[in-house]
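Labels for the chains are A, B, C, D and E, by order of writing; each one numbers its residues from 1.
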Amino acid sequence: MSFFLTDAEWAAITLSLQVASLAIAIALPPAVLLGYVLARWKFPGHTLVNALVHLPIVLPPVVTGYVLLILFGRQGALGSFFADVFGIVFAFRWTGAALAAGIMAFPLIIRPVKLSFELSDGQLEEAAYSLGTSRLKTFLLITLPLALPGILSGAVLGFAKAMGEFGATITFVSNIPGETRTLSLALYTEMQSLSGDAGAIRLTVIAIVVSISALVLSELVSRRLSRRLGGQHD
Amino acid sequence: MSFFLTDAEWAAITLSLQVASLAIAIALPPAVLLGYVLARWKFPGHTLVNALVHLPIVLPPVVTGYVLLILFGRQGALGSFFADVFGIVFAFRWTGAALAAGIMAFPLIIRPVKLSFELSDGQLEEAAYSLGTSRLKTFLLITLPLALPGILSGAVLGFAKAMGEFGATITFVSNIPGETRTLSLALYTEMQSLSGDAGAIRLTVIAIVVSISALVLSELVSRRLSRRLGGQHD
Amino acid sequence: MIDLDISSRVGDFSLSAKFAVNSGITAIFGRSGAGKSSLIRMIAGLAAPDAGRIVLAEQVVFDRDRSINVPIQQRGVGMVFQDSRLFPHMNVERNLLYSQWAAGRNSGVGLGEIAELLGISHLLKRRPFGLSGGEKQRVAIGRALLSNPKVLVLDEPLASLDASRKAEILPYLLKLKNEFGIPMLYVSHSLGEIEQLADTLVLLDQGSVVAYGPIAQMLSNLELPQLVNGPDAGSLLFAKFSQYDTHWQMTEFSLEGQKLFLPGQLGTVGQDARIRIKAKDVALARKVPEQASVRNVLCVCIEGITETAGPYAEVDCRVGEQHLRARLTRHSVHELQLAAGQEVFALVKSVALDQ
Amino acid sequence: MIDLDISSRVGDFSLSAKFAVNSGITAIFGRSGAGKSSLIRMIAGLAAPDAGRIVLAEQVVFDRDRSINVPIQQRGVGMVFQDSRLFPHMNVERNLLYSQWAAGRNSGVGLGEIAELLGISHLLKRRPFGLSGGEKQRVAIGRALLSNPKVLVLDEPLASLDASRKAEILPYLLKLKNEFGIPMLYVSHSLGEIEQLADTLVLLDQGSVVAYGPIAQMLSNLELPQLVNGPDAGSLLFAKFSQYDTHWQMTEFSLEGQKLFLPGQLGTVGQDARIRIKAKDVALARKVPEQASVRNVLCVCIEGITETAGPYAEVDCRVGEQHLRARLTRHSVHELQLAAGQEVFALVKSVALDQ
Amino acid sequence: GGSAPSFAQDQEHILVFAASSLKDVLEDAGAKFDASHNTKTEFSFGGSQVVSRHVIAGAPADVLVTADDAWMALAAENGAVVNDSVVPLASNGLVLVGSNTLGAAPFELNNEALQIALAGGRLAIGEPETVPVGRYGKEALTHLGLWRGIAHQLAPMENVRIALAAAARGEVPLALVYSSDAKSEHGVRVVAEIPQGSHRTIVIPGALTSTHSKSSEQFMGFLKSAEGQAIFQAHGFKVSGD
């Protein structure tokens, strides 16, 4: 492949995959937990939280990116906290791109997750309780595996979003080659060129091929996992 | 309210709601159909179609917008077809904004929809067949209502996306006050201006309030509908 | 009604069935896992066999060789599933009337009548969620009945019902057969139900049809008792209604020239009746007992005695043209010195008879 | 074992129950929709009553006034649900062993033994999807048994099983009670099962406990027959094993100084036994019949005769200290001129007895 | 970051934050500079607002180049760029281009001619409030007394590239773009020049950031050198020597 792809393109591809994977790793656990809470618990403000979860897609990505820049920038409250305590810097780093992509993907992940927790009716959990497993264990052994199709569905959707994320990313971590210039940003940059569409079209094709391959792969993996753990369809 | 909101803001709000509603109306029926097909039918290329559906979120919105401009512009193949045959013009019109938002929302709608078709196991359809209803009627009377939680979940997610859509919209139909300047575009415009953050913050608050209200409302409506038609939880 | 010869394989389980039965009620009987549900799914059109053909009510609905596979909607099969499969998003009434408003079928019987019979009138406005197990099953039965089926297929419909509810519904199913002429396929593991309902019995074991035939013949089949669990084996006798005594509320039947008394008014003069007598309810005596409450004493002729390895002996007797089986202990057979060819008296406590 | 006084309301349905029962097997009996499942859900801790208290095995597990509500995990209740509720994402073996690997519970019985008994050894590697109705229920029973419960709660566990499978599992449940001393709550609508299993009977009707008490007492309760559907009413008699005749394979019991014969070897010398005799299986005679296969002739004393509106009369008899009921036709009562105080002979065909 | 592709170790990296509209010219200059220096010049492109905000927020940039004065001034105000390093690198003019597909022809710039040329269509322009080319365009059209007549016939675009593309494809009959842009797109032709005096001079300011590296000073020098200015000229920009 690297015969046909330039170094810069190759860098953008690996960076995109890396960013999207980290984004999902960051966003999935809280999405699953919050999805469960929203699906199964009733509490005051439930509907509000449910709506607030959608904020990252309701606002223009630039706004989200800007808010991230303010919060997680070098001078930002959270940014300096993470830098001082964990030594993690987000600003203008690929980790920041992953953070942005994860946050933008969050609402997309949580919806199918929540849905699949809603659709299972708790009867199997009752059986598990009666067999002596605690709430936590039951969640891990019964509820979670049964919600797997939804979790994987959300993860695939979120992964796609993370691959394509652009507005929040460029606003938060800029468009630095090799560090934050993902395939999406590279494509955007190429589109700014006045010297013709060739580069942009080339990158569009690359972005499509890479993303679709990644999606097909994740779809296959998730279908297999689903079949193994979910067992609804043998 | 109009005491406190400027005319331009007011116009952007109503336009956003109008655009998002039309976007959902455009995107929902094909998403439901394709979701059903992908969930229940096996055919060669299934996995590929499944992945291709994600294209609008995998690519940077500007690319999608640009492609829309090429296809649905006055000179575009589809654009001139719609203009000649149906008298519908998309270019630089709010209908175009709705088209862009609908296309961007499509992948977000189809995922939960597909998921909920996957999760119902066809046993109730068997019962309906045995009672004499055709495949189509069974789909409409049994399958569809039972998938309602997923359809509504997808619709809410899609609506949120449509409210926030920005990149494809500005690229395709530009940023014309009163015609295509939705809340998102207004907010973007405000954010980019040199004249300070005050206007941007004001618009951000407006965007959040409007979107969250719309989401809370749609959540309430969908929960009620779900309860009435789905009946899983009484 | 049904003529089939099919074979099919799912996982480790293979099913092969070949039988032909006429109208009336056909019972499919077999142990758990024998393949009863699988078989009726193929008959109804919910699954396709790997090979073979199915003829249902004179119509070839499936033929692998000729690539015929009539869809379930056109087979006119009303199904009651083992799990009730009510539509959760409709109330009980909408469920019951589903095939009327959704498929435009019109049933000869009314909603009110069925709901009353099944004891679900008070549930009409409820959703299936929260109904008790038996309530769900009753609604499912009602829904199938109201779909005006050409053939009714029931998969253990009464298993979750209490005896008195069962006793109420059984006669109704009989009435459906007799008055509306709806043939039925009835899956059950209760020989009691089957004896009361069925005209034909198909015996399934480990995926194969072991035997099938008219119920009376099947019930006096010697191999049957082992398969169908001893205590329920018995004989079916055909008798004629002769008169009803209103004071004592007893019905007199004539059976091969002899008299049988059953409590209750059980028919009209000249009508045919079938009377089931469990082998274990029949005692034999060489003399007619005096001053005993045993009302029914039939003069029978011993045809043969089969001693089992256990404590029992099966004594086959003839009453005129019909057969009656008695199950005694070997000890009794020995004490009474019973032997084939003897004329003895069969004692049946009247109330031990069922119709 | 259980002492409760609770009330609850869901929708239109209100349940109120107050009873105390001791260890052994307690049957909860009632018609479909009577509230059986609702009641045991509260006892198990799956639902909370609106008011009242529940004491389970000496522990207060629920008390509304003192805000006690022990979670189900700590109640030690093994449940078999009306719908089997197997975990679809685990194979049968993982399902069976769930409480061992997931909750660290250790049962005294082994997987192999249970699987063998329930006839599911060949299914261990299968997923629940595709199991037949009865297979699922057997796995569910096994899963509960293997969870080492303090109390076993079974909601119509045998309804979907065939008679021979039932007949195999019932003694095993008895064994669990006798050998492991596991108390059970057993929901059933089959009086036959209950009579064979239960020590105590709780009768539920339309959400209220109509009566409860020791099974023998309940079965000779006059109101019971109407509730429990006529044909199954009967008496329970306590007898002692006296000897076994190996040649004829007959067991002799002594009942209040008289003899009773049952086929098969049914115990060891001196052991207590309980014998169930259906009222409809008892005939009365003023003379001992001669040369008849009726082995069991008990000398009884008529205590009272209740004529019903129908063709029947219930005749209550005393055998020593115990009660035996016979159901005759009014006609027979009249013909034999039976009356309270008379000494008569109760004829019970030996094989009509069950243990 | 662990993801950065490996370059020769001894090369020095220069990171330039620049307005997207300068992509072609700056990449050209960067390549020529690298060829004669042991450097690797890289660019992060975005809107002028985005890149200047990033530099203010402490982005690891060495050089900032914006498409107009205002955003550079903001960066200078915030001390993000070295104040006395701010220099105009080139300047630009404005033109109206017409769509070749719609058969555009040059015209005299007045209200009537403009309306005729638009023929009911829209004028693509950079967003007048935010995008520099839009801001200059609005200033010029206002000055020429044309703004009121077409204010509701605009198609404000997010960047000049899209405006140009819209004209090239015939989606709009006219677009107002930099004169430097007009050269590279074959689908359009210049139909009217906007007089220089109708708007402030369009300068392309460049500056060293407060955290710039040594070799970036050389790069800035290169851009101001005759060789650098020639590159700007070749891409259609005006340079001070003109």
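Here, contacts are C-beta pairs under 8 Å (C-beta built on N, C-alpha and C of every residue); 3 or more make two chains touch, one makes a residue touch a chain.
Please read these numbers as outputs of a predicted model, since none were measured by experiment.
Colleague: Touching both chain B and chain D: give me those chains, sorted by label.
Modeller: A, C
Colleague: By CA centroid distance, what chain is farthest from chain A?
Modeller: C
Colleague: In angstrom, rounded to a whole number, how far apart do the mean CA points of chain A and chain C lie?
Modeller: Result: the chain centres lie 60 Å from each other.
Colleague: Go ahead and note the Å separation of the Cα centroids belonging to chain D and chain E.
Modeller: Centre separation, chain D to chain E: 90 Å.
Colleague: In angstrom, rounded to a whole number, how far apart do the mean CA points of chain C and chain D lie?
Modeller: 26
Colleague: What is the distance in Å between the mean C-alpha positions of chain B and chain C?
Modeller: Whole-Å distance between the two chain centres: 57.
Colleague: Which residues does chain E have that touch at least 2 chains other than itself?
Modeller: none
Colleague: Among the residues of chain A, which ones contact at least 2 other chains?
Modeller: 191, 232-233
Colleague: Which positions in chain D are in touch with at least two other chains?
Modeller: Residues 83, 130 of chain D touch two or more partner chains.
Colleague: Quick one: which chain pairs are touching?
Modeller: A-B, A-D, A-E, B-C, B-E, C-D
Colleague: Report the residues of chain A in contact with chain E in the complex, numbered from low to high.
Modeller: Where chain A meets chain E, its residues are 7-8, 10-11, 14-15, 18, 69, 73-75, 91-95, 170-171, 174-181, 189, 191-196.
Colleague: What does chain C use to touch chain B in their complex?
Modeller: Answer in residue numbers: 44, 46, 71-73, 76-79, 81, 83, 85, 87-90, 98-99, 102-105, 127-130, 143-144, 147.
Colleague: State the interface residues of chain E toward chain B in the complex, per the touch definition above.
Modeller: Residues 47, 49, 70-71, 74, 101, 122, 124, 127, 129-131, 154-158, 162, 165-166, 169-171 of chain E touch chain B in their complex.
Colleague: Given the complex with chain D, which residues does chain A contribute to the contact?
Modeller: 123-124, 126-134, 137, 141-142, 145-146, 229-234
Colleague: What does chain E use to touch chain A in their complex?
Modeller: Those residues of chain E that touch chain A are 1-5, 15, 17, 20-21, 23-24, 42-46, 50-51, 53-54, 57-60, 159, 161, 164, 181, 184-185.
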